[in-house]
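What follows is subunit A paired twice: with subunit B in the first complex and subunit C in the second.
Here is the complex of A and B:
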């Protein structure tokens, strides 16, 4: 039972990790906390759903187009809503992300709110029995997909020229601009990438859940919990936090009470921020008067 | 020589000017009060219900503004304070058969406790950390309403007994109106007083620069606890009134949609403006009544309004008023 719960925890946890990673990349690049990130996930799920079920296209085509669309959505959000705010205070940016999250939610509800939508699994097949652990092919796909995406991100940021430029643009925007890097373009691109990670997460998890307009809110809170647990703004922390959150959730549900699954993320956020705000794996920069 | 004469003349002019401003404002307030008292004669039962809703939202908006606009903390716990108040009033009336005034006080007390509970993490964390904490707190409270069903009657909610006293003035909506109006005027008046006192100035000092405020001897911790506690009190009482208004309390009323409405009202009214909050509540509260027939429209309209305000009117209605009508300018309006 323990092994089964832990493995199932890693499966959902890797999706939390992916979404948290998308938020963290955006936060590091633009220092904006995106309260609308859950809606990127939701829009990703709906894009795949509409293309696959509505238009009847095959999965590879639907996925490719949905990913492209979501990248575009992210870029558009930055160009149309975020950039015009200029150097507004933190509160304005936070409010703007809240506003567009409700806008996307409202639009989706307006067009698709009455249907209960489902996506077929990407992989069919018999569940595999490993003695005490039973896994579905879709579970492997989730772990592999999330793992591959995260690995690509790490390699990109650590070992490529463009990745280094992105880091430079986020660490010292003015300095980067002075040496000729087009910082606003990178910010746009990072919004696109963040939205894209939402779509990847949606692709992996939506076939096991339903597709509905309010699915983003839950995911947002889970991603926040993962980031808080791992240390806000740390890429590795987001991944570790996401995996740990998935495991914690499943263990709470399995050993204590199934109704605790829904609130594990809330409890984790509140406990961590009260006891160790820098996160379990994070460091804190103190400032005193 | 001429210099002193000039300055004393200016001084006299200013004193006269201020005195006149005060008289004007007094007259204005008296007129408003008379209009508010006479209002039930002009409206039918349904319109009265909408007006009652506006009074409640005015109170909510002022309470939310204390934390968001004056203390400058991004907290998403407002819907939670509102829900706690509604449940406190409803449940004390159902389980303990408390009379109405005590049940409303219970709402205020519950809201204050929730406010202080949120203020404690606000002493340690700020900005997005606080936003995330309060988001989690709000959702946790909703989980409690649903799962503590032995006390809260679970996901479908419960009916609140209707106090007989509210029917004395001819119609129940009218009785509610005078009760709500009295509560709102007292509570908002007290808030204006609080904001003008040294506590209100401490809130604004924390908003503008927490470290500078601390270095000047402002107790940041005390300012935060008082602001959150008072905000929780106001919004909690508003929740208690809301339970009476609808005669029913359900967990769904206190979720993210409620939070969006509260945010939209405060931002459109203007951060750090009591008058703006009241006007924002009047403007936006009628809207859900008109929009409720279409799924998602409410969210679309409010989010577009919010985006419009952020782009074109960052100071909200309060900012417009401050720029056009000096007599109504509020000293602590957010710059």
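Here is the complex of A and C:
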């Protein structure tokens, strides 16, 4: 049972990690904590669902267009809702992300509010036995997809010049602007990338969780817990936090009480803030929220 | 042919008969009878909006046939989003602003329990539950609150009796939400098992909005139950069944009326995962049966874009009971007389519900039992006994 709980925890934790990674990328690039990130996840799921189930398009086409749409949504959010705030107080940015979160949720409810929809798995098939561990083929895809996405972002930020420019533009925007870097364009692109990671996470997990307008709320809490555990602003921390949270939830449910599964994320947030507020890999950093 | 079929046809002609009593003057001069309704039209339980639409289709059909005793029914529908605060606001609006004659509303038990004090304060206001099933709504009895749907007590008792209908079932486990709705099934189920000399071999909680039931399913598997009672909403039931299939929990799962067997199969997308699924079924016939066609046609007439589902008809029995009682009042429609007549409703057979409805001054839980539904060769079928799982 321990192995199964741990492996299943890694599967669901991979998705938490991916969503947390999207929030972390945005935080590193813009110093904004996006309370609407759960809705990027939800919109990603609905975009794929509508294109796949509604229009009957093949998965590759639906995924490609959905990813493009979500990137565009992220860019538009930055351009239309965030950039006009300029140098407004940090709280204004937070409230704006909360506001567009409710806006997106409300709009989705308006169009799809009366049903819980099913998205077929990318990989069909019977459960596979590995000794005491059982996994669906889709579970492998979740781990592989999340792992590949996280690796790409890690390599991008750590080993490419553009990645380093993004970080520089975040840490010293005025200096970056003075040397000719188009800081607003970078910020726009990072909002787009963050929204895109939400869509990737949705693609991986939505076939298991089903698709409905409120699906982003729980995911946001888990992503926050993962970021808090790993350390705000740390890419590795977000990944470690997400995976750890998935495992913690399952172990709590399996060995302590199933009543504790859903409060595990909140317990993690409280414990980390009390014991090590900067998280495992985090550093103290000034933020806009 | 069941006796209810005749009553279905009778009920369908109900409005037509009423029309016969109408003259032109009455139609134009009599004010409409305002019925307030609230239901989750948005939010996480918005799938239940169709319960309101089902009841609404009955009222619309009655109006299209001339109304009741010459008076039209005017429905005022409010959204509670399954949120107690919004439910309270909706009731205040319906009573203070819209000044409705009665309220027929409420799908979410937490909302109905939140508005209960408000309803109790205005004890002349008739309140008929739309679909909320918590037994705490009608027990203990409140003079002006009537529950014309199977309560969680009735559902839990039926689920336990059904689980034990196979003599070799001795070990029963439960997976449940821990909210008010879950608890209102859980305790009656435990009590019903106790009455049979049993206690659950395992009880696990699976919360709403959860994405994975691994830990709960593994605990259930370790308990080696003969049957599992699943007190879960539709999305979570699908997630549990998928994980139960994944981890090899091949025992009958018996669900509540919160879920539809057709939707559950569609959501999971794995036919074998619902092979041993049985769900409490509050209706008299399967919705695809010929006997149920007239009801489906009425609904489609007014809500052509809405898919028809089991829960579409959960509020229909209450709507027909309300219409029947108003008709009995004749021209003198007062709240006091309505409450008095509701208390006299005995063995009212709507033709829609699985059992007849009865109220008395001492008992406002009108429905005491229901059917169980199961997919036989992929077709929803009402069954009376639990089958042995196929290997």
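To be clear about the criterion, the second predicted complex is superposed on the first by the 279 of 289 C-alpha atoms of A that agree within 3 Å, B and C clash if a C-alpha of one lies under 4 Å from a C-alpha of the other, contacts with A are read in each partner's own complex, and residues count from 1 in each chain.
Criterion: a contact is a pair of C-beta atoms (placed from the backbone, for glycine too) under 8 Å apart; a residue touches a chain by one contact, two chains touch by 3 or more.
Being a predicted model, the structure only gives us computed values, none of them experimental.
S.K.: If you stack the two complexes on chain A, which partner ends up touching A:109: first (subunit B), second (subunit C), both, or neither?
M.R.: both
S.K.: Check whether A:158 is in contact with subunit B, with subunit C, with both or with neither, and answer first, second, both or neither.
M.R.: Neither partner.
S.K.: Now for A:98: first (subunit B), second (subunit C), both, or neither, which partner does it touch?
M.R.: So A:98 only meets subunit B here.
S.K.: Answer with first, second, both or neither: which of subunit B and subunit C does A:259 touch in the superposed model?
M.R.: After superposing on A, A:259 lies in contact with both subunit B and subunit C.
S.K.: Counting only touches as set out at the top, which of subunit B and subunit C does A:232 meet: first, second, both, neither?
M.R.: After superposing on A, A:232 lies in contact with subunit B but is clear of subunit C.
S.K.: So, does A:217 touch the first partner subunit B, the second partner subunit C, both, or neither?
M.R.: It touches subunit B and subunit C both.
S.K.: Under the contact definition given at the top, report the residues of subunit A touching subunit B in one complex and subunit C in the other.
M.R.: 106, 109-110, 113-114, 217, 259, 262
S.K.: Residues of subunit B touching subunit A in their complex?
M.R.: Residues in contact with subunit A: 68, 72, 74, 120-121, 124-125, 127-129, 131-133, 135-137, 139-140, 143, 147, 211, 214-215, 256, 260, 263, 267, 271, 294-304, 306-307, 310-311, 314.
S.K.: Using the touch definition from the top, list the residues of subunit A that touch subunit C in their complex.
M.R.: Spelled out, the residues of subunit A in touch with subunit C are 1, 4-5, 8-9, 11-12, 15, 106, 109-110, 113-118, 120-121, 127, 134-136, 205, 208-210, 212, 214-215, 217-219, 249-254, 257-259, 261-262.
S.K.: Which residues of subunit C touch subunit A in their complex?
M.R.: Listed in rising order, the residues of subunit C that touch subunit A are 41-44, 46-47, 49-50, 178, 204-207, 209-212, 214-216, 218-219, 222, 234-235, 238-239, 242, 245-248, 263, 266-269.
S.K.: Where on subunit A is subunit B touching in the complex?
M.R.: Going through subunit A, the ones touching subunit B are 33, 35, 81, 84-85, 88, 90-92, 94-96, 98-103, 105-111, 113-114, 213, 217, 221, 224-225, 228, 232, 259, 262-263, 265-267, 269-270, 273-274, 277, 287, 289.
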